[in-house]
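Sharing a structure with you now.
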Amino acid sequence: MVDLLRRLAAEALGTGTLVATVVGSGIMAETLTNDVALALLANTIATGAILVVLISTLGPISGAHFNPAVSLVFALRRELPARDAGLYALMQVVGSIAGAIAAHAMFELPLLQSSTHVRTGGAQWISESVAAFGLVAVILAGIRFERKAVPMLVGLYITAAYWFTSSTSFANPAVAIARSFTDTFSGIRPVDLPGFIGAQVAGAVIALALMTWLLRVPTGSDLPINPENRT
Amino acid sequence: MVDLLRRLAAEALGTGTLVATVVGSGIMAETLTNDVALALLANTIATGAILVVLISTLGPISGAHFNPAVSLVFALRRELPARDAGLYALMQVVGSIAGAIAAHAMFELPLLQSSTHVRTGGAQWISESVAAFGLVAVILAGIRFERKAVPMLVGLYITAAYWFTSSTSFANPAVAIARSFTDTFSGIRPVDLPGFIGAQVAGAVIALALMTWLLRVPTGSDLPINPENRT
Amino acid sequence: MVDLLRRLAAEALGTGTLVATVVGSGIMAETLTNDVALALLANTIATGAILVVLISTLGPISGAHFNPAVSLVFALRRELPARDAGLYALMQVVGSIAGAIAAHAMFELPLLQSSTHVRTGGAQWISESVAAFGLVAVILAGIRFERKAVPMLVGLYITAAYWFTSSTSFANPAVAIARSFTDTFSGIRPVDLPGFIGAQVAGAVIALALMTWLLRVPTGSDLPINPENRT
Amino acid sequence: MVDLLRRLAAEALGTGTLVATVVGSGIMAETLTNDVALALLANTIATGAILVVLISTLGPISGAHFNPAVSLVFALRRELPARDAGLYALMQVVGSIAGAIAAHAMFELPLLQSSTHVRTGGAQWISESVAAFGLVAVILAGIRFERKAVPMLVGLYITAAYWFTSSTSFANPAVAIARSFTDTFSGIRPVDLPGFIGAQVAGAVIALALMTWLLRVPTGSDLPINPENRT
């Protein structure tokens, strides 16, 4: 296993780049068009693409969680020590705020902002639970059946989830926190964070429970077993 | 083989997620833009992406049919017992209706709706036959030549078929039934279902016949034989 | 090798499906939007996607040329007998005209049409030469280095070429002929065919010459040699 | 290794095709729509697609740098002799200018132009540094972990970077120079070149330093080592 310092650097770099992409592409899109669907489509394509790239290139170093809810799931599966999971989450938050600031720097905007974008209510919370449920389910099944496909599967999953949820699928507490620091297309009011984060964690834990059952190897099964299915 | 209960759960979960994506992304798109082509493009990209994800992650469990016409084809090929095919179809319908309801919940719409979207006539029925023909042909050839590519091939096929058919390629009786329960972008009037479903089944059976001939291993052929071409 | 009858059926089916996609998605797009760039984008995505599908599923049967210029190149490389190449071209033309008719049927339009879409002049001919040059270069290099990637490479190449040529990259004499039979988005006047086809053949032959030099294995080279680089 | 003449031809052909795609798709897009976001999306998709194609087909010949900043990085890593790197850069510039001229020829525009598109200022320079940093990081990590994925990773990275940077991510001195020769969508004023090129080289060198640390094999590590990770 790679030493902790480098793993934490990879988590910060990856989550930061992810947020810079989400925030930056949102700024670029809303600057160039008045059609919100087109802006969201550009935002979607940029986010899906960078996820494939980041998970492929940093996954072999840190596992490429980039998401405290995902690190929590691996800690609950006892595949990551609780202390490491906590440090992962910390670096994900630090990295993702740096990513938002970097996006602002690249677009000549005030570096520190506070979002006024209202995102709250039951429908949005259901959306975030579904989004995080799906994300964790995809990761667990992907690791189980074909680890090499995980980057593409996560990128494609988020591409779809941007559109099938009313919240545009944050699905990530660290990214949500960072997005409260930008008053642009992809922002979220700080006061709306607890609802989002609670819903995300709930969805992730439910996915862990369901997938643990669904993916358990049945006795005498010929379900393919991925020889590399350990972290 | 995985036990039936888990296979049925995978079929319900997969078909439900597929319908939630089709319906949800349609709602999101028509909310954000007045350009119908742009709405269909977003709908297309979300659907194509989630198909790759669902077939990759649930395929090793249940085969990832998510479609009674596909289960019928595998039953006719004697690769799935008739009883299992019937249960698959049942769970696909149940799951897909749940998926439509979930989409409504995520967008704060009435959970149960009845579509008023007219989709009927010869051109639409030809479209659905062609769409289902192509879907089954892609699946059978994909399994025959390179099973690992099937998720991507199906996702890309549906991406194209959304645009080259006037019906936007439902190609799936379970999904069609579920879409009669939403009065949004992707809906279909209940009264239009029989025409669609009949056309889909016809297209699927024709594809089975043609591809059985086209893919038969010729004597002394060096056509590559996929060693895993059994379910 | 698969028997000739099935190979010819695969060429007709594949070229027909390709043309049905090009023509059908063009009709769908121009029906739904007034923005020509958006229409072309939908047309592009559908075409690129179906190319990956068709080459993956029919390639193991016939080689998936779907294009008389490509069959000519393989005949010149002596990897396809001249008689077979002629029959391939014939079936490609027959299949592609059937594909245009099928698209019209799916959209309830007159089955037989004659295009009035003007596509002529030096810039368009240069475009078609460049487009066919690139297509053949991609195919020959793809076969040489990694045959399994050819479907994706051709799909992505055409995706790009739709936009970097002023002609939207027909790059295919059979498809061009079929497109003269539709008076919709993707049509071409019959009188403009000779210029397009001449330019396409010229581009293809130049690519054959250049790539034969570029891909020749140097003495003592460690350039990877694809063990399956024979048809 | 392939002889130098062919490697230089591959670098010129690849960089030229890349620029023809960037410039040509920009011209096509701005001709067809008034929505700048839609134009940039078309530009993005064409560029991302052709990058995958070019790196896949020419990579085995020359390494598919197509970028003096990338050749510099490989020279600093002592994987390419300084003289070869200089010749690579020269041919990249020559090829890329030829690519811009080819795009103009395909769209019937004056072959030689001088851009008036202003691209300057700190935010743009930060953007170019970030863009080149990311490009080099992706290449180095991709080579380290899974060389075969590099074409797709670079294509997806640039797809995202077009949108998360205010400069639309040139990230390439040769391409920047060529783009000063077109007064269309993708152009850049000649006077703005030094700022862009300086920022790109800085970003590339910083990426080399950081990734050399991040990717170093730790003692006793089980970090996967790619057996082909030498050029």
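Chains here go by letter, A, B, C and D, matching the order in which they are written, and residues are numbered from 1 within each.
The rule is short, and it goes like this: a contact is a pair of C-beta atoms (placed from the backbone, for glycine too) under 8 Å apart; a residue touches a chain by one contact, two chains touch by 3 or more.
Only a predicted model underlies this, so the values are computations on that prediction, with no experimental measurement involved.
By the document's definition of touch, subunit C and subunit D have no common neighbour.
Here subunit A and subunit B face each other with different sets of residues for the most part; under half of the interface numbers are shared between them. Remark: subunit B and subunit D have CA centroids separated by 39 Å (rounded to whole angstrom). Subunit A and subunit D have Cα centroids lying 28 Å from one another.
In subunit C, the residues touching two or more other chains are 35, 38, 41. Contact residues on subunit D toward subunit C in their complex (touch as defined above): 1-3, 6, 9-10, 13, 17, 20-21, 23-25, 28-29, 32-33, 35, 38-39, 41-43, 45-47, 49-50, 52-53, 56-58, 60-61, 102-103, 105-108, 148, 155. By the touch criterion stated above, subunit B contacts subunit C in their complex at residues 35-38, 40-41, 44, 48, 121-123, 126-127, 130, 134, 137-138, 141-142, 145-146, 149, 152-153, 156-157, 159-160, 162-166, 213-215, 218, 221-224.
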